[in-house]
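The first chain written gets the first letter, and so on, giving A, B, C, D, E and F; residue counts start at 1 in each chain.
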Amino acid sequence: MARTDGRGDDALREIRLTRGYQDWPAGSVLVEFGRTRVLCAASVQQSVPRWRAGSGLGWVTAEYAMLPSATNTRGSRESVKGRIGGRTHEISRLIGRSLRACIDLAALGENTITLDCDVIQADGGTRTAAITGAYVALADAITYLGAAKRLSDPKPLSCSIAAVSVGVVDGRVRLDLPYEEDSRAEVDMNVVATDHGTLVEVQGTGEGATFPRSTMDTMLDFAQEGCAQLTRMQADALAEPYPGELPGSKS
Amino acid sequence: MARTDGRGDDALREIRLTRGYQDWPAGSVLVEFGRTRVLCAASVQQSVPRWRAGSGLGWVTAEYAMLPSATNTRGSRESVKGRIGGRTHEISRLIGRSLRACIDLAALGENTITLDCDVIQADGGTRTAAITGAYVALADAITYLGAAKRLSDPKPLSCSIAAVSVGVVDGRVRLDLPYEEDSRAEVDMNVVATDHGTLVEVQGTGEGATFPRSTMDTMLDFAQEGCAQLTRMQADALAEPYPGELPGSKS
Amino acid sequence: MARTDGRGDDALREIRLTRGYQDWPAGSVLVEFGRTRVLCAASVQQSVPRWRAGSGLGWVTAEYAMLPSATNTRGSRESVKGRIGGRTHEISRLIGRSLRACIDLAALGENTITLDCDVIQADGGTRTAAITGAYVALADAITYLGAAKRLSDPKPLSCSIAAVSVGVVDGRVRLDLPYEEDSRAEVDMNVVATDHGTLVEVQGTGEGATFPRSTMDTMLDFAQEGCAQLTRMQADALAEPYPGELPGSKS
Amino acid sequence: MARTDGRGDDALREIRLTRGYQDWPAGSVLVEFGRTRVLCAASVQQSVPRWRAGSGLGWVTAEYAMLPSATNTRGSRESVKGRIGGRTHEISRLIGRSLRACIDLAALGENTITLDCDVIQADGGTRTAAITGAYVALADAITYLGAAKRLSDPKPLSCSIAAVSVGVVDGRVRLDLPYEEDSRAEVDMNVVATDHGTLVEVQGTGEGATFPRSTMDTMLDFAQEGCAQLTRMQADALAEPYPGELPGSKS
Amino acid sequence: MARTDGRGDDALREIRLTRGYQDWPAGSVLVEFGRTRVLCAASVQQSVPRWRAGSGLGWVTAEYAMLPSATNTRGSRESVKGRIGGRTHEISRLIGRSLRACIDLAALGENTITLDCDVIQADGGTRTAAITGAYVALADAITYLGAAKRLSDPKPLSCSIAAVSVGVVDGRVRLDLPYEEDSRAEVDMNVVATDHGTLVEVQGTGEGATFPRSTMDTMLDFAQEGCAQLTRMQADALAEPYPGELPGSKS
Amino acid sequence: MARTDGRGDDALREIRLTRGYQDWPAGSVLVEFGRTRVLCAASVQQSVPRWRAGSGLGWVTAEYAMLPSATNTRGSRESVKGRIGGRTHEISRLIGRSLRACIDLAALGENTITLDCDVIQADGGTRTAAITGAYVALADAITYLGAAKRLSDPKPLSCSIAAVSVGVVDGRVRLDLPYEEDSRAEVDMNVVATDHGTLVEVQGTGEGATFPRSTMDTMLDFAQEGCAQLTRMQADALAEPYPGELPGSKS
């Protein structure tokens, strides 16, 4: 059975990375995985949370959210509900943890980088798109901090980070699921990997089904190859000069 | 003393209205007043809040919010703080009230239109840009509802709505203040008007200063002329065919 | 068509200002506009919010609330709901902003004055009554601080502040609307003015109707004359000696 | 050692009960125990909470609160803090429970009476003053409901309710403590009693001290005599005709 | 009419006190009154709340909660509801106040002891069981602090504390009510007493009934005798050596 | 390098499953993995959440929490903080999702089973212990529902569920980490599996380190073998007759 959009089972959707999308943050990237669009902004602050003040270490944290208008049926605002839901918490924590895997917090110095990942349009895979975009925004923010001589060590990034979803749909392992596939997947997995091919996070869930070890192994194969492709696209995007005016005047 | 961007005191910034910015909502407009960018989405729902069920009347409401990365210094998320601030409440109410002035709720029938105004980038005048963009999104949503035969009466819009800010800066009345002017304005006023030239809302505030009636009168003159120009731009934008696929498959 | 209470269109209701209503605050005024009764208390604190500590500047802020029993139909408590509504926020901010227009915060020194405006009984115009009463409470608090030698400069008040509502009812511009008129007004406006005749705030709203510039102009005329009368009553009230024991033992 | 205000150890402060203090609620009483002033309003609603709908029984509940300006040092608003404190909860529950002891909820019919007890000025004993005043407001609300033919049975009140504080100060048992005594009392007790001399609630607490059974017995003697006096004052107040216009037009 | 479990009207249920129930807290006691089981943990912290820092005084506070599965019908979690109910607040305050009656906070030094009383299974009398168990946990925590040389004075406990419920059921005064009796009691009273026979707290409530002074007197007699028995059981339990490993490695 | 407790790298801690720990819930199991103790209660309710009423399907959900006294340093209560943290949300969702994998919700009929997993003592691996214990509580609740003839189909459980943690500590893959190992693990993974050997959830995280595919594979091997052992212990526990009185009187 073919995929609705005609892709091969192990093919990514069309990926776009637009740097410099906003003027104020040190890094600001619009990442698109097909119709999924996430705005990833890296804001820097010359201080760290109280619990690590004076340690000489920096901090990287993330906040994920979805615009009410991003989904097919309008979602309600978590600010209006007065509390952040479990899913939002889980994804924010995943993004922060994943990006901290590539950075030497001592080299960062006592700076905090907040990665805001706001979903402009959702069509499956928003959390993995967010991680992939957030890495590019983080890299731009590091460049900005380096130019401003605010790093303790000039090379805080030890690797690059990319992420992709994989699942079992119609009994077949498939890469990078859009909403139409994700909503009926039997198994759903998110994989975060580095440019060295090592793993950062693996989160696989049977959705009303359980899965044998062999399926697990194939899903990991697909996801690792998908991450390798995303890693190359990130490197290509970052090889371009920074678009528009440099974020050099920011505090 | 000239304005930083060289504009005349009564001139608007460059205005852009991009329809069809998102795929799912019935109307979705990115409005830009210079560097200020607000995403205005009109989502429709085939029901009304409980307190007006069975009345035959529809409802139009608005929610305004700012991305943390929209401002020069990162703002904290209201969902994380667990409560919506006074300013957000005030602006959401203003937008909803302003847009309800142009619509016949009986003609709308028992549908609810929610206008989500999310500020992507802030550079002054976000609330008036939001109102101006929300009108265009509302108009598209009404067209969508009409095509779907879901209106009680085919013409629920009685007028169009536009809004602009005006203030006193450096002792001079000036139209459409960017953040740099807004932050040091002595008087700040927001005016919402219709295409008939009548007023919907006038909110003028002395910021640490009070102002004579004559200044009030000049500010109203500038704002009414600015709204007239915005009204023409809205009409021009809406005269174009709807970009991309029609939002006809939405529930 | 005559008004229910027989007043002229440009006449105020019966106004009363009772100073020294409570024993503990530095200023405490019960203000009555007809049946509308608001208790305005000015409490002083020998410190400022953290964000302005060390600046040498004082702070004036306001909190507005309504007793559940103040309205015809009992209202629910915002403390019980666990959040402050948009209307309450909006009015609290309006009162604070309006009163800050008359005070030199450097002359106040690092003191905070909190203006609590609690509506005992509501019959329209509670926010403008609150502003009018809060000015008198503020003036008493300043006298108290002066007597206690706690001001940086002896005359921090640069003007007096009064406020009134005005609207369009039955097609006629009318001053100082009671609830019965307010609830069916086509246009509703609140005006805050100084004893110099200048304006501090103008907030006009079409309630399901829009209004021409000429109506705006007449409403401003009525409101400015109403504020001038209120200013004289405030001055008369403050010319009396402080009733009861002086609040001199307060911390 | 004599009391600051010269009273005998077993004497009440000056008590005042002002009925009809507000225009809208079915009962509205300002009760004063010396400088302690509490506004007790009884609002009626022609329905009951969901959990007792259809039972034929009515409901009586209470909400206690303190104005920020009621205390010597300004208190913060619970609506602003976003949660009701333990003390407020405890007192609201005590008032509701105490007043339910005098009413036959079947005779009340499916009506809810909410007793709002808002402290205008606090000088010790606010909860017992609130109970004493709330009984009078409740009695007026019952009269109102009876006149409106909305009771299931014409006499729902089986007794009257009064309350007073008693404590040990300077080693002596004393009745009706003002704040100056209350704040340094070794033992503090609140007693709620009926006009039949029976007890409804007894809440005695050692404040950093424990107390022998003999002290407990004397405190009960004083409190029961104090309640008997308050009961007579309530009866006298209710024997007067209702002041001002009858609350007959309320919904 | 005999009691369901055959006890005499003035007899306690079977009482058990299991020390060292948990490994980490300085004191941890499982207290059982029949089927009612409460886990009382005393955790120590080498600091005091901000409002008493530098005073040289320690602090003792308590938090009471019930597992959702502790009651016959599952209760909802207060963490999920986002607010603590009135009953929980009331009981937490009662426990803290009661235990502070037996300790010299100056002798405790600037340490905080938090008494967590978590109800594992509820069958009436959870608050009085909690107080009785919390005293034993507190005593163990004091021993631990003394061994660690962290007390300002070696004997901070001036007495022991026990508590029991008493009520009127089927017209008879009865001690230590299980849920089946408690739920239909006409009068309900909780008494906290010391090993010297003095009283700490007396909270008696008519549940839809009022009660004469003579009943009050009998209830106090029963409760004081019950507390005397509990005091002996506490002393016996504390006379045993500490079970398992000493909590000596805790911070 | 040997493990602190002398276990082999692939060995479980001592496991205990105590059924019938509480009297009221339909299933109640105390599960112990070494010093980690979690109370798992399965409460049944004869209805489903509103969003699935009338579907004929049942629902299984879980709530995880930790007693403040469960951890080495006292944790603060989420009910007191007024919001549930991200970690709690994440674990509650994981438990619910895992247990839903073994149950046919149509066979369950319109009943809700809530799995409360309250950590009494924490020493690493609380979430996997919770899942393992919750399965046994769920099985008892199903037996109870079957005996009460409240199931749509007599065999709703399609498999059994067990879970265990695995990680990389000191460069070695190790099973079932206690807190001392968990807190310094380089990689941490939780695996949920069925008695058929298939996988339900795999959540692996590099903690400041990334890991090669080969480590992933070894971790899966260890975890699958650990789950197989836990599955046998669950079966043994459930083969015993239900201890104490049957929960047959519950509503």
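By our rule, a residue touches a chain if its C-beta (ideal position, glycine included) is under 8 Å from a C-beta of that chain, and two chains touch if they have at least 3 such contacts.
Since the model is a prediction, treat every value here as computed from it, not as a measurement.
Each step here moves to a touching chain, and the least such steps from subunit C to subunit F number 3.
With centres taken as mean Cα positions, subunit C sits 30 Å from subunit B. Centres computed as Cα averages put subunit A at a distance of 51 Å from subunit C. Centroid to centroid, with C-alpha atoms defining each point, subunit C and subunit D lie 32 Å apart. In subunit C, the residues that touch at least two other chains are 82-83. From subunit B, proceeding by way of subunit C and on round the ring, the chains are encountered as B, C, D, E, F, A. The touching residues of subunit E, counted against subunit F in their complex, run 22-25, 28, 35, 39, 41, 43, 45, 63, 65, 67-74, 77-84, 88, 114, 116, 118, 120-121, 250-251.
On the subunit C side of its complex with subunit B, the touching residues are 83, 85-87, 89-90, 92-93, 97, 100-101, 159, 189, 193-194, 196-206, 208-213, 216, 220, 224.
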